[in-house]
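Next, two complexes with subunit A in common: one pairs it with subunit B, the other with subunit C.
Then we have the complex of A and B:
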């Protein structure tokens, strides 16, 4: 197949302006990889992957539409690109086709701010932290705070139905979305309309939320906000095991408490950096201890009552109050953890990633134990955190890492680790891919029900994108 | 007896209906099916008031379904779909399947026209399992809301979904229409409750739309099937979040001089991070309705008491009632204006705001206290607990038995719209003005959210001349919904679109309607599922 590339270049330049188009290696290399650990691992021994043929930076939906019409005409594959922080290869080209990457970051303006309804209309290329800061300056907050806040964009969040560290209170990003604008593969710009709630058919924004760029490019959204809180409180409880910690959290949520943060992790006092010089090595009992970290916000009297309720429930289940300090400390370092893993991947024989799965409360503690055991048995290290807790369940975020004898062996071990995680997850009734989406990676690992849902996506995609230009290969699409 | 003879005459047996039945019996011998005339008439309409007006004109079932079927399980639903699909393939008279819950819908959602096959799901009504530790329940979709709530209550749980039609509507109906209950501010609408559903699509595929614990990879098919009004598939079962039954409940009434002041107070309440279970603000006239005793008589009586009470203080005399009715019915425009003029003078409390709190005792008490302070700061007048409990006691008084007003020569209906706060007053004024020439109109604001609120208009218009009434009625709706979209509101907050609002789907969704059409083409390519609803063919 011969693609008249110069002709395409000319047309793209016309669409976005020559200054917003690049085929220079500086740009194509930069857009060759996202944060998918497997691809990062591969690149450290093999050649740097081929980047896209073109990177464009459209400034408005109409320009995106123009680009998509060109892509349709020549059947060129397109990747909508936000911050490139995808953990699953969703934003990086694959195979050796001539890809167009649509970098959305020029579309980063707040279009309207309705302070009465507390709704913001904002373009999708805005980086998370910038949006939050601009909202904070006016006394508002979005309440969506993923660890990748400094890198990821609104469009990336919506496309992956991202869950942030405040999700117990504010939900996933899709729960904050009241309407959006998207460009469909044939260049039509559609707006889903804003209402607090409606009963006029399915909520159509949900076709694009979570679709990971396979159906169109999201260019703007209306989001509900809340006021910056006047009060924030922290609390922490220590439990001998993970199960009672989960029990306390579950009961608190059922009672109607809405914590800002609720996570269960290892006892942070065991962290090497936090231990006294001459402290004894941790015992097995130390290691099985788990700490429930909590934060609350809202009117102070309400926060006090919420805190009281959780304290009563935690104490009844054997939780020992540790006061504000551990949770406050975690809060202070809440962004530090995120990119800690990345340097690992530069070292040749290491492998690492983060398994995230969702499960109902009853399935959760079994999954927790089985996952930990399965990984430790292979000599791989894990750190499991319970996060994104809600009424009916929570996510397990399982960071794992290990060392192999060679770069190839590391890749093999990585794949094996994921197969193992998928087996444990399916056997225990969990749902894989609960936070980061599917990208190039997770589709094959999913259970049959989830695969069937992706097959449906493929059906829809055939209708909206007959030429198959939108992020083909993602979420099991062709 | 005379009545039934008349009915029989009006719906002479259709031969096409009979042949359809024979085919169906052949293809699915185990399926319970009826083409008895009583069934066909009973299922010919839902509770769309436009249909009630037609009934007044003597048209009981001009386009009756061919038959009614009662599948026992989703496997039979699949067989039905396969059969209909096969029929569609060979041409001829297309088969239309209509998912049917309890027929309490108010927009003609199940009225698919002559020859359709009504698929009543009420035999699929079991609670599959209750998982108290996961705060989840799995139930089949044909279960009546009241029965589901009852089962949960026995386990010390609640779904928190309380539409006024709780006793005469099904779980599947709620999901299919994005229904809202009276405690939506705390528990959410039905779309906030469902985590996953089993659906049988128009291709005959059985799809589990999500997971017990939300999330997952790819778009949320759960959110895309909720609200699909039977046009994309049969919802056959669903998993929903449940809560501990409330240990404590507090109710209170507040007075606000004007509707706009009351709205502003609700906005501040919702934006303060509080979560009341019930928030209902009645406009001047609806306040009188809300405070008068619905127990003692019919809706019509209450209405007439209220109107005549307006005119003469309290205690309406019969002649005044008749006069009042006459006035409402002959000159709704004048009545509306009169009420507007009188409103400020009539009730010292102005508009009534009912606020309720429930849940854990400590959380309820602290929120009620904070909410009270917030409402007082907003200029509310504390009316004590009585108006709150009064509402609570009468919360199901809106009856599924059709309003007696219909037989008093009037029609009644409701229009439930919503908008973000910045547009809410425009929406209120706009729709009110648009409807006022045709019917006597009142409104309350319920279902409040931090970003906006819904408005529930009730209206009564004259139905003396059957032919003209339908015209007036249609004009009223057209004007009302046009005003709603012009003001930037949605045309429905929780009743759905059905057929009666179908021609407003473009105004409502603009070009994003294409996404809905794509879903239709994907899930029901043969167009066998409830064509006509949501403006889909």
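Then we have the complex of A and C:
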């Protein structure tokens, strides 16, 4: 189908107002990429990728609906855009057709707050930190704190089923979502009802949560709130190996403890920046050590009981108590991790990314060792963290980076690293894409089980989006 | 520094996942992806590398920056966005690609300077202009234009603590040149800096009521080959030594203190204004975003001139927290902040610290 661009421009201007429509290079360049390391690496030595033909900033669901009807009529790809901080290639569709970006950030208001039920109704374009600050001012918190807190929007979180640093206690963002307003590809605006519990068929909201904009545009949500904590406490334990650290965490969760933060990582005392200048280089035993960092919050009596239970379990498994300091320090720097990849991406010959996979406790320890060993064998550096712990399992976050002879070789090594991670993950019974969503990237690395699920989702998408306009190529759907 | 010397900062921002987005007053007001700090720096970088053509349109994003520096406060890589974007503005000017709003800027600057100089002499009695004084008070353009009362109030407060040796600087300029820096007019700035430095070097001490003037004279002038031998202080820094001597006849129950970006973040002066304010206010309320993380009033970076609607939204956002309370007053120590916040403050009074002190004497 040919694309009558001036006609479409006129219609889009009518839909959102001319002041909320742009085809200026200033705006299209800014929407050309997200934070997918592979795309950024390609842009280092090649041209900056082309951006959308149109960027629109609708102010309400009705305007989104109008835009989607125009897009359907001309079969134009549409990308709903939040903070543009996706790490998996969610911002650029495949194919040659010009596309529309729907930037949701004009829809950024709290619509209502029910302090009795502790439910907030908020538009999806609000940036996470802004929502949290507004809630804090009224004595509440969402309890969702991902690394993208300061840049991603609520809509972005919902569309990628984001998991934050406090997910062991509060769950993923989907667990906090009680209802949605979304616009389907044909322009139909749907609201899912807010009620504590319903048993009248599958929940429509959960079809849209995590769909990465392939089935529609989320414009608002009702979210569960929590009161700001009365008391917060930190604790830390050092273990000789990762396995007993995992054991202590697993048993604590099984005993009913719900820590605010629970993560296992390398001993932070080994950080070059924290060591004395003349300190000896770490030994292999030092490097094998893992530290379990914990935070608790709530009424002081409850916090003390939880802390006591974990302390007993950790000590029984050989954990050495390090006190509050390491965990408190991590808390103080909890957003710093988001900055660490950038210096690696600015250099042509380096490559870096973050593999995140989920597995049950039974499989987790083996996966941890296999992943670390596989990367180290190739001379690539890794830092693996156990995070997002739940009763049944947890996530492994594996930051990796390496050096190659050229920009092209760095891209090849990057792809090889991901294929390797996928092989190890699938062989060990894990699932890739535990935290950041699928985008373009993870879709190419799915296992058979995920492909089967995707086939069903593709059928659903064909029904809802017959023109195939919504984020084509994302999540493996066409 | 030339545009290319910011390569490292520009590269880091281009490949950053936009983690300082929430700090940018302009980005928050406009809610456009192209004007968040990361996107502005990326655009500058793409222009630098020749991946995007420099045109008045692409250069326009460099001017969507308050120059407040809050993004740098949050950056783990210590990237200083303001000077890099101002260097990008200078590049646009040098290539004749600055946006139309910047045309005839130099003429407008000097016309305003002359008019304000006239206004200054009209407002202040000639006895306060003493050529042989050792301490000179360098009044700023925004103070003369928008808060001339501050000139009298400052002199009154100085007098009240027994400081009678300060004279107003009787020069040709009432601005240290921040607008030139923000406009990217570096040769004009360099000329002005040398002119002002040569005149002010006769004094032992210079006090300014504009934090940006202090920062320019203290830190940028030396880089431009125009060091000032005299000690340059903001009036609040100078008055801090005399705080115990300030005797007020009455106090105000409560007020918020707004940290001006250049006095706070850029000069590191946080406690002195609070100490002085404490002489006249019984309860000082702090903004959630305060001190090093103080949020801009919207008046810097020429945004108030080029994008008045954006500047107004920034001021509204800054005042949101005050509006949720019954506190009737916001105190600041910068005429630009006073002007910008006052325009959006409704029933809340925005007052200069010197005026507040003078009023309570």
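One rule holds in what follows: the second predicted complex is superposed on the first by the 474 of 478 C-alpha atoms of A that agree within 3 Å, B and C clash if a C-alpha of one lies under 4 Å from a C-alpha of the other, contacts with A are read in each partner's own complex, and residues count from 1 in each chain.
Criterion: contacts are C-beta pairs under 8 Å (C-beta built on N, C-alpha and C of every residue); 3 or more make two chains touch, one makes a residue touch a chain.
Just so we're clear, the structure is a prediction, and the values are computed from it rather than from any experiment.
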{"item": "Combined model on subunit A where subunit B meets subunit C, clash or fit", "value": "fit"}
{"item": "Partner chain(s) touched by A:298 [first = subunit B, second = subunit C, both, neither]", "value": "first"}
{"item": "Superposed arrangement, angle subtended at the Cα centre of subunit A by subunit B and subunit C, nearest 10 degrees", "value": "130"}
{"item": "Which superposed partner A:203 touches (first subunit B, second subunit C, both, neither)", "value": "first"}
{"item": "First, second, both or neither for A:332, with subunit B first and subunit C second", "value": "neither"}
{"item": "Which of subunit B and subunit C A:457 touches, first, second, both or neither", "value": "first"}
{"item": "Which of subunit B and subunit C A:194 touches, first, second, both or neither", "value": "first"}
{"item": "Residue contacts on subunit A - larger count, subunit B or subunit C", "value": "B"}
{"item": "Least Cα gap, in Å, left between subunit B and subunit C after the two complexes are fitted on chain A", "value": "22"}
{"item": "Overlapping contact positions on subunit A, where the subunit C interface meets the subunit B interface", "value": "none"}
{"item": "Subunit A-facing residues of subunit B, complex", "value": "131, 133-136, 177-180, 189, 191, 195, 207-221, 223-229, 232, 241, 243-244, 267, 271-274, 359-360, 362-363, 366-367, 369-370, 418-422, 447, 449-454, 489-497, 501, 505, 508-512, 514-516, 518-519, 521-522, 534"}
{"item": "Footprint of subunit A on subunit C - complex, ascending", "value": "11-12, 14-23, 28, 31-34, 39, 42-43, 46, 51-52, 57-58, 60-61, 74-77, 288, 321, 324"}
{"item": "Subunit B partner contacts - residues on subunit A that touch it in the complex", "value": "114, 116-119, 161, 163, 172, 174, 178, 184, 188-204, 206-212, 224, 226-227, 229, 250, 253-257, 297-299, 301-302, 304-306, 308-309, 358-362, 390-395, 431-435, 437-438, 442-443, 446, 449-450, 452-454, 456-457, 459-460, 463-464, 475"}
{"item": "In the complex with subunit C, residue positions of subunit A that touch it", "value": "24-27, 29-31, 35, 40, 47-48, 55, 57, 81, 83-85, 87, 103, 105-106, 108, 125, 127, 129-130, 133, 137, 148, 150-151, 335-336, 338-340, 342-343, 345-346"}
